[in-house]
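Chain IDs A, B, C and D follow the sequence of writing; residue 1 opens each chain.
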Amino acid sequence: MSESQRNRERDSEATFGEYGGQYVPEALMPAVQELEDAYERYVLENEDGFMDEFRERMRDFGGRPTPLQRADRLSERYDREIYLKREDLLHGGAHKLNNALGQVLLAKYMGKERIIAETGAGQHGTATAMAAAHLDMPCEIYMGRTDINRQRPNVYRMRMNGAEVNPVDAGSATLKEAINETMRDWATTVERTHYVIGSIVGPHPFPKVVRDFQAVIGREAREQIQEQAGRLPDSVVACAGGGSNTMGAFHEFVPDESVALHAVEAGGSSLDIDEKKGLAPNSATLSTGTDGVLHGAMTKLLQSGDGQIMESHSVSAGLDYAGVGPELSHLVDTGRVTPVSVDDDDALNGFHRLSRLEGIIPALESSHALGYLERAAGPAADGRAAKPRDENYEELGDLVVVNVSGRGDKDLETVLEETEKRDLEAAPEVEVFDS
Amino acid sequence: MSESQRNRERDSEATFGEYGGQYVPEALMPAVQELEDAYERYVLENEDGFMDEFRERMRDFGGRPTPLQRADRLSERYDREIYLKREDLLHGGAHKLNNALGQVLLAKYMGKERIIAETGAGQHGTATAMAAAHLDMPCEIYMGRTDINRQRPNVYRMRMNGAEVNPVDAGSATLKEAINETMRDWATTVERTHYVIGSIVGPHPFPKVVRDFQAVIGREAREQIQEQAGRLPDSVVACAGGGSNTMGAFHEFVPDESVALHAVEAGGSSLDIDEKKGLAPNSATLSTGTDGVLHGAMTKLLQSGDGQIMESHSVSAGLDYAGVGPELSHLVDTGRVTPVSVDDDDALNGFHRLSRLEGIIPALESSHALGYLERAAGPAADGRAAKPRDENYEELGDLVVVNVSGRGDKDLETVLEETEKRDLEAAPEVEVFDS
Amino acid sequence: MSGETNAQTDSDIEAAIRENHPALISYITAGDPSLEDTKEYVEALDRGGADLIELGLPFSEPIAEGPTIQAAINRALDAGTTPQGFFELVDELETEAPLLVMTYYNMILQYGSEPDVRPFVERAAEAGLSGIIVPDLPAEEADPLRDACDDHGLDLVFIVAPTTEGERLETIMSQVSGFAYVQARLGTTGARADVSNATHDSLTRLEEYDVPKAVGFGVSEGDHAAEIVEAGADGVIVGSALVDIIAEHEEGDAPAADDLEAKARELKRGALRGAEGDVPEPEQP
Amino acid sequence: MSGETNAQTDSDIEAAIRENHPALISYITAGDPSLEDTKEYVEALDRGGADLIELGLPFSEPIAEGPTIQAAINRALDAGTTPQGFFELVDELETEAPLLVMTYYNMILQYGSEPDVRPFVERAAEAGLSGIIVPDLPAEEADPLRDACDDHGLDLVFIVAPTTEGERLETIMSQVSGFAYVQARLGTTGARADVSNATHDSLTRLEEYDVPKAVGFGVSEGDHAAEIVEAGADGVIVGSALVDIIAEHEEGDAPAADDLEAKARELKRGALRGAEGDVPEPEQP
């Protein structure tokens, strides 16, 4: 059996341990199986040079490789070598394009005629709209009316790229209703439409498809760190919402057992859960969730005892999701990935710290990974006595790669509002914000 | 005489033909001469490995090299090979960082303790603030109060990076007053402060310093096009405000006489000038300006017969300047660079076309270069009969490199407003904008 | 085609379909707008001639539903409907028509102290339910649930979509019990004004299988029911059209039950007309 | 040190300074708020004892000015002040004190049909101006203008800044005519409340050169004038303090001229006190 055959067999499994699977309406099963077939042929076997074209377009259109940058001042602050994987420099401003371009190209190879996607804050929607424009595919994005009103600039970007943005008015008119509406569209038009899922979630093979398109992050970082620091890192740190930037950063390092993998979840305002109201004031699924089935896969979830999905919360819209990729659930259960979390305040401090110390304004999602550095390795005498050091800090080691999954231009307003409400140690003086 | 010596002699000249020079207040002359000295030592001679450090930081922090991307659908539309130099992917979203990082690093090598800069729309200010944060230099940015109110997000970005933004209330409270105020600061603190000028303007050696930091654009593009297309291009097209992205793109090609160099200026609403009101409804300095002295250099200017500087206009804030780099004035006079212009409508169409056909939302500045493609090479039967083809279109040739100097996220609101006022052939339907 | 009685081991559900052929299968969401109302509504449907009654146990992420049923589910959740309450309602119900529960897989998994399908199935059997339909559980993932259903004598109904063909159709039809839920068209649940070609195609594809076939997704009027039955279905499934009636009435509003009963009667009459070949000319779109 | 008459070829300006030592040199912007007002103001300054009068010809980008004079320039431009109007005003003026024009290089270049400094210089000479000061023209770029000035017998005044040292100081001092404009401190023009150390240092550095030295940038009161003259200056240059007075009055307001005259008197008296060593203790910052 050739290596590629072996990989293919392993990769064509629908589950990661007990997680994953294909819990979808019957009408979608053929589409999901068609995607499995396409995944195996084009992604795993590079049929018709699919992966070559993908890589070339990610280079010329997307801007790959992205740099791995030694962060001089963070390294000094944390008294260890900190390297930043700069996905914020990717076209569109986040790692999302790796996946969106891959899937739209795959849809094209599959002969699909139309692209749909859901979006919450708009990051995945803008990436998909860009990819669809680039590859000349009609594209419709479902987005809750509430989110549309909160995220105007991203709506405009999608429209500028020629995508239709379909407002969803049902319920709270946010991400969850947008997902339902996209599912409905897909269930209706499945024969000619590809649904571009935005993270390593959904039914098999989506979690693998998305992971493989995102794995370039870790593949590059692994080469770059060896070139720049002369060895493998002691740890890789990435934020985790659905988990696509996370597995993208981790995948290549999974076999390197000496490398600790820290998935930083959104601790929101608290890790406690209000069962009565069905509210989780966090999105720390890996840290606090229980097993269940959501959006096509068995995975860890924020859910009530009855099985109702909770409303999650995070200051960062892109992490605000009650589920998580099944592969991460599995890697956490097997101990390969360490789930940690930082709260909204820590994330905001992480945002300000990188902006001021390194001249990089990170996405609020990525700011969680940066906030975790402080929690795990920050100077002790920093007035932070109230919060204990993260217990996993020793695993960080002397050489750390942090994935900066996106840039924070989209988050400026949120950060201003949230910063004014708080007394943050790393924020510029508040007077700074009114002029 | 060694090559580096010869270069050094040529580069240490203060003029380009009759243009350039050092028309500055006496108090600044020593600083300008100190910069000359530093330019020669660090930039031209790579003393203390300055250029090595600059290049390394531009790679790891800035994201260089940026791709040269074949634009499939533009190539089809214009029936020739169109390649895009993707400066929009640079950290911060525009070519501006090349210069800002170079100058802040130079200031550091010179032992300066403080960075100041002026900004209009905020692009140069944000780039300078990022560079200063990255290199741990205190930074103050002068910005007209009117511009501050128009460009909030850029103000926030600068502040997030730890820069102070000093509002200027004098006069119309825009770029021109900000320049005056920055000059005043510099004239007061010149011994410990470096003034980071944002384009290839100002007294010698600024035009050369900025050009040399920007020249990486053309150096990369020249290599990339030969690798990808197997030969030198027939033309290089770049927008021109002050002209830093322009000379950045052109410099390396200047000795290649077969390569036409087209500088696309902002034609605004008209090329006609209102002498009475002192208004130029355009910023087409190279095309319509006359020789004079502004902001330290002899160059082409938009000025009244008396010598008063006109108020210029462009839909794109970054091109809205009444002067232009002296080197471009010289290269236009000698015939090496062809000045052309497109109007606000053409630029907006260029913006929409790239967004929809290629999935890249360009800066409004860069959109002028893209609008020029249409004017020079667009399909004839496009309802554009009213506007004649640009007369220089034949020079474009079969293989064209267009510099996409920045991304358009910053311009979304302007584009929406301006698009709604007009009937643009390339814009998405107007209903698209209200939801 | 089908419709002949199958002597062997007919389940309650199969028996109800075969005996009342062509059967009317009705769906409403439990707890919409309250469990007390649901009790009344179920009884009204029973009176109106529904031969099988599906009760939806609401789940917060109903990805297979159209807007009508999604809204019903939200009303039920807002009213505090829980699996416990649901089963207590079923405990109380005494209907002619056998009852099925329709819910999403996670609701089944989470019943009991850890993720496991058995506690739910046990409790369903105990409450007297005859079958289970799970819109997000394709045959490929159904082994644990089918085993548990078999052990407790419950039918596990599978959906056959217009896209279900070839090997997968075989597999599903070999696993289905009770009846095959024939999805009338691509898309989600929701009342529509016509009967799609996909329905005819699906029924043709299913001709050879000796399992009752009931057609759902979009059936809203007696005339649809007639047409579908004429095309070969053993039953029609009506949900959104009934939920629409509930949504139009205030909570506790007596006429809702009457209207439901009347609607069931209309639909049943339509189905019967279909069986007799008395079908109006379908409107062409 | 200086102040002894130099017999050779004293220009009007040099003569005015040496003869009226210590000299008061006043600046106002022509056309602020109108050319008619400027005429009155100039005459008032002349009466008040100004020994030299600089008239600003407004330019739209006055990079070397502080906010006060920048505002005056904007007022003058808004009033429609042109080089033509400016020269016509000068044609009319008959003052004791010689007049200089202070303007930016581009204004000089553009006068006439193409960029050339000569037409401006010719016209300035014809109007009776005695000298030119160009704040954005360092000695390195001044050859064409100096040649033209020499040809027409006009002085070209250079500024010596606190940062001007070594070779450059030599060059400037060898080219300067009329007087050396000693910039009292780093920064731009503008009235300030103290006299800087830089003034003392600059005057010390210039001791060896036999050219009149006048100190400007920030001089606003008689006491400053006294202190500066005591430190060795041959004259004081006052601009913003006078422009402030103009700005405080409405257009055509008679008291403005009176206030200017009074201010000139105060300053001149201060300068004279300085020459006699009668200087108040400077406040330490």
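The rule is simple: a contact is a pair of C-beta atoms (placed from the backbone, for glycine too) under 8 Å apart; a residue touches a chain by one contact, two chains touch by 3 or more.
Given the structure is predicted, the values throughout are model-derived calculations rather than measurements.
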Joint neighbours of subunit D and subunit A, given as chain labels: B
Labels of chains that are neighbours to subunit C and to subunit D: none
Interchain centroid distance [CA atoms averaged], subunit A/subunit C, Å: 38
Cα-centroid distance, subunit A relative to subunit B, in whole angstrom: 35
Whole-Å gap between the CA centroids of subunit B and subunit C: 66
Residues within subunit B bordering two or more other chains: none
Touching two or more other chains - residue numbers and ranges from subunit D: none
Category of the chain touch graph - line, ring, star, complete, other: line
All chain pairs that touch each other: A-B, A-C, B-D
Subunit D-touching residues of subunit B, taken from the complex the two chains share: 21-31, 170-171, 176, 179-180, 183-184, 187-191, 278, 290-296, 301, 303, 305-309
Partner subunit B, residues of subunit D touching it in the complex: 59-67, 70-71, 74, 77, 82-83, 104-111, 115, 135-141, 158-165, 168, 172, 183, 186-188
Of subunit B, residues touching subunit A in the complex: 59-61, 63, 66-70, 73, 86, 88-91, 93, 129-136, 148, 153, 155-157, 159-162, 165, 167, 351-352, 355-361, 408-409, 412, 415-416, 428, 432-433, 435
